[in-house]
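One structure follows; several queries about it will come next.
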Amino acid sequence: MFALDEVRLNLADVAAGARRRLDPVHWDFFAGGAGEERTVRANEEAFTRRWVVPRILRAVGERDLRISLLGSPVSMPVLIAPTAFHRLAHPEGEVATARAAAGAGTIMVISMAATRSVEEITAGGGVHWFQLYPQSDLGFTSSLVRRAEAAGCRALVVTVDSPVFGRRERDLRHGFVDLPPGLVCENMRDASGQLRDIEMDAGLDWRRISWLRGLTTLPILLKGVLHPADARLAVEHGVDGVLVSNHGGRQLDQVIATLDALPAIVEAVGGRLPVLVDGGIRRGTDVLVALALGATAVLVGRPVLWGLAAGGAAGVRHVLDLLRADLDRALALAGATRPGDLSADLVATVARA
Amino acid sequence: MFALDEVRLNLADVAAGARRRLDPVHWDFFAGGAGEERTVRANEEAFTRRWVVPRILRAVGERDLRISLLGSPVSMPVLIAPTAFHRLAHPEGEVATARAAAGAGTIMVISMAATRSVEEITAGGGVHWFQLYPQSDLGFTSSLVRRAEAAGCRALVVTVDSPVFGRRERDLRHGFVDLPPGLVCENMRDASGQLRDIEMDAGLDWRRISWLRGLTTLPILLKGVLHPADARLAVEHGVDGVLVSNHGGRQLDQVIATLDALPAIVEAVGGRLPVLVDGGIRRGTDVLVALALGATAVLVGRPVLWGLAAGGAAGVRHVLDLLRADLDRALALAGATRPGDLSADLVATVARA
Amino acid sequence: MFALDEVRLNLADVAAGARRRLDPVHWDFFAGGAGEERTVRANEEAFTRRWVVPRILRAVGERDLRISLLGSPVSMPVLIAPTAFHRLAHPEGEVATARAAAGAGTIMVISMAATRSVEEITAGGGVHWFQLYPQSDLGFTSSLVRRAEAAGCRALVVTVDSPVFGRRERDLRHGFVDLPPGLVCENMRDASGQLRDIEMDAGLDWRRISWLRGLTTLPILLKGVLHPADARLAVEHGVDGVLVSNHGGRQLDQVIATLDALPAIVEAVGGRLPVLVDGGIRRGTDVLVALALGATAVLVGRPVLWGLAAGGAAGVRHVLDLLRADLDRALALAGATRPGDLSADLVATVARA
Amino acid sequence: MFALDEVRLNLADVAAGARRRLDPVHWDFFAGGAGEERTVRANEEAFTRRWVVPRILRAVGERDLRISLLGSPVSMPVLIAPTAFHRLAHPEGEVATARAAAGAGTIMVISMAATRSVEEITAGGGVHWFQLYPQSDLGFTSSLVRRAEAAGCRALVVTVDSPVFGRRERDLRHGFVDLPPGLVCENMRDASGQLRDIEMDAGLDWRRISWLRGLTTLPILLKGVLHPADARLAVEHGVDGVLVSNHGGRQLDQVIATLDALPAIVEAVGGRLPVLVDGGIRRGTDVLVALALGATAVLVGRPVLWGLAAGGAAGVRHVLDLLRADLDRALALAGATRPGDLSADLVATVARA
């Protein structure tokens, strides 16, 4: 239950509430990352090096955070990133997350590693995208895509940063390998109801993206683009968007912070595709900075899990409402009324001593 | 009362004395800022990255700190920034502050959110400017300007960085919303004696500045200019000065430190207007650096409140005297005899390790 | 013995295990460096400033870490740096290290200051190079080279950064001067069986390198090249490789970190020789970054000693296996399948705040 | 007495020994600086940002640290900076310091604020320079110069960074104003034996330098040059050397670190005068870096006082011997045999994270 008497003014408060409620092993699963977790920290730290240079006297009384993304309206440029195993955080799991997302009018990207089925998650309405680890079994991959289509998902978010599994030392120290009894990856049941393991397919390549492109009419986004050459290849392969992501620092440590990678990706894409970014977004100004540097929208992962652990659907909704109010205030104070007003001259990079 | 037996060699000493005397909730109201208070810290930190490169052998025995600002003589290029609620710091409130300012020969910018009326504050003599949050009720705004004129204020300082109210988490945690019984914003009484709330008018725009320009012959300064494009617009709209300010980090966190914003503003203004700056000024070399980088004068906010809390008018005077002596010494040791001697070659930026 | 029940997920774990087992004086001998040990720290720290920008969708299922170095195949581009006195870490000393190296298929550079003889070390098979401090007694130097040749060493690694002995304050504080009874530098016995001290020959110059070049047909690498002008001289003097090294920070403190020196050396060499680097390699991404910046291979010193102290040959093998697995994973996650795929565009330098 | 059983491997050890022996008020007088002591720290910190890039194979067996400075031979490019009140550190005061300097073959710059007379100090032999605060009483200034000449001083070091006295908060907190009974500035006795206070003459200008130039044939160095324009003026006014100094951070806080100021001074002087530097020299590599960046020699101040407090003349000698040995080792390990071999390519600036 969400303890409404707790002070929860910002996402750090919500994180603290989540930590109090979660099994420490599960907290570490959500919080941790690969190696020494330098990239986990760098994602947040990158935002502290960019400073907002606000405009003034721009009549910002009428603000509108809405954007349209790949044909779907969104109430704000903050989406829910795909993250695994929501039932570790709350008994309702992804169904609670989806209810909050729908209530908040934003898009939830459903993880292939969800502990509720895509059909259960989408049943409550709202806009959903489906995150896919393409499996080497093309038939099973195809059936997953069909299942996501049938459940009403409106886009595929194809994870391309995981040819092998990242090595997360917290989990190794805890011996955290399997989900607790009763929890499974519900989307991994095949036609016969047998559960499959999620495969990280090291053979994944651009031909598989072309194959996916031919398989479905859903928009396809590539999740995990960090090198500008790959952003250009993404355009050439006809995908519909790129998501600048380092998997929350969970795959390879010492990988560049997403905000640091963003400008080169934006330049390489040259406006031909929407560029999304996740990693380290904790405040309204973080969203503002990412958008000013060219992102179309951002996604939040861990904060959603904090909200879910701290208060179920209400907790997730609180996280989304905090970010919305914070972004709204940041827009006004930077002299903007809508995401499209933001431009790179609103951001300065100044070394801290 | 001001405990004269306390050692108070620098502003940090005065702050410590203030903290001992103030209700912690009020200390936090004065000390705190928006969000994580990164900008609060950045304002001070920016001065630690600029190093003074002094000149020698320049016969600095006769020094003169006086400047003239918008027609008023000032004894030194250090003014008192507008800050709210001085009666939280001392029973005499802004009247004590004004007495110290007059005694020190500097300008006090009277806050619209003063807890003493502008008439009481100006009654003791000295030079005063009036800080204005333009209200959407033009009639009331007009009456405020007339009242400031009548009370003898010599300029309007129009705050333009506050279309909405900043979110200060310390105050939210304390539940600090209302002034204690007996304290009100005395300037917010309308003709009928009714108290109004101060409105942050999100609709404020350049046309309102033009309207104000037509309303009064007082010089108008814009407070909260950080973007060079806005500095150019300020020149075009016929204002008389700009104040580089981020509201002490109290409006939007992660906004650029004022010293980091100053050079681009100075360049944009190109000498057509005086450029003032506030935020993080704690030492004579801070004043020197700001002036060397092109500021005409600086304003101090929190230090004045520290002095007021620690010792009333005598405490404020002590703060001003410390800054004056420190600036005087810094000028001499940098080879200058007056503010106008300072130039950008006296300042080097060196990264700290 | 290697305590298999200890968790040892990374080299820091192995270091902790070593520290528990080692005499603190010997731990300090291995861990310490010259002066304030700034270079010791800088070697590791340099890797935290380079961020990996991975490529995606490159079908990385078939990876191959093997390289060929001066005619010898190596199973991965991670070699064992020469370090002194392995019997301080484990009774078997360098023989255990060599067994691990052979098992892992990598090259061990045998230290001239080994506490087992070169013949004992090479007896177990594998590929070995011999590290040489050229002695002013050319006859003895010559006999050392012949002995290394006869023992099957396949290259000479000539240390050129030690005209005098570095001053290591930890050792001075401990009074650590002599090896414990029973341990000697076994390679320093002359023809009559008399033990000689290792001389740091301050007169060493390029003519001696030419003399060595004429003395043996073994490939010669220079260990301790940091200045690009010296890298060019190395090419001109017909050596077969350069090793960018600052002796693990043990010779002169405040010397540049090896990773910071590497790019200029790579540029100066211009592909004419293999460029190796040691210093601060602790993770697979460290290897990846060094190779992306132009190194042909890296060497690890202290981690090998940690493994040796913590578990003898099995401990060294564990260290090598950790690095191999970590590099293999890093290659895959950066979109590469072999060392030769790595290029400088995979690395970005971003200041940390 | 110098406790020979104390470990004193480096200057930090000597400082610790001094601190144990000194009255805390006197320790603070020697250790402290102006304001927040940022420049005190910056002087040392600047050396941690410059990294040595050594040369190799240069036959460095025959090293020679000697230089010639303004006609006087010196055994190494490390001189003793003028510092006040040596009898606070040791009963023998400056006489002990001079004995150590003579023994070590280096130049002692005698402070005008010495607690032993210039005649006593020079009586023991060695090379001495005399530091002068020019007094507005030209007759007295003239008599001081004559007295220094008569005592055998070979140069005047004219302090030009002190038009007013720096504000040192440690001393103000301690109420440290006067020397203890029995200690006086012995050089401040006038012809009648009356003691005068040392005046900081704010009127000092280049004409006074010209007057001094006409007064004596001794070489004149200006101490406290930080701005390149002043270095050019120094050349034009016919002085014989400049000393890049910020008075050990004791005059104006936030002044640039001397090492950061050095390169622009060297460039401005263009080889026409020797350029000396003081501030933050604690290791042989500090000397090496300063020389590589163009300094002819360095001076050490606080370390000499530490040695004096810790062990009298023997302590000072130990400090000088440590620096000599450290510099000698650093030269060898950087591939140089004499100060003149050092060039700017041996130094790289790398940001630390």
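Each chain carries a letter (A, B, C and D) given by its place in the written order, and its residues are counted from 1.
In this text, contacts are C-beta pairs under 8 Å (C-beta built on N, C-alpha and C of every residue); 3 or more make two chains touch, one makes a residue touch a chain.
Given the structure is predicted, the values throughout are model-derived calculations rather than measurements.
Chemist: If you take the chains that touch subunit B and keep only those that also touch subunit D, what is left?
Modeler: Per touch definition, common to subunit B and subunit D: zero chains.
Chemist: Which chain lies the greatest distance away from subunit A when centres are computed from Cα atoms alone?
Modeler: D
Chemist: Quick check: superposing subunit A onto subunit C on C-alpha atoms, how many degrees is the rotation, to the nearest 5?
Modeler: 90
Chemist: Taking all residue numbers used at the subunit A/subunit B interface, answer same if over half belong to both copies and different if under half do.
Modeler: The interface of subunit A with subunit B is built from mostly unshared positions.
Chemist: Where the CA atoms of subunit C average out and where those of subunit D average out, how many Å apart are those spots?
Modeler: So the centroids are 42 Å from each other.
Chemist: Averaging only over C-alpha atoms, locate the centres of subunit B and subunit C and give their separation in whole Å.
Modeler: 60
Chemist: Where does subunit C touch two or more other chains at once, residue-wise?
Modeler: 48, 351-352
Chemist: Every pair of chains that touch: which are they?
Modeler: The set of touching chain pairs is A-B, A-C, B-D, C-D.
Chemist: What residues of subunit A sit close enough to touch subunit B in their complex?
Modeler: 7, 9-10, 47-48, 50-61, 283, 285, 289, 326, 329-330, 332-335, 345-346, 348, 350-353
Chemist: Note which residues of subunit A are touching subunit C in the complex, please.
Modeler: Going through subunit A, the ones touching subunit C are 35-36, 38, 42, 45-46, 48-49, 160-164, 166-167, 169, 172-173, 201-206, 208-209, 222, 224-227, 229-230, 233, 251-257, 260-261, 351-352.
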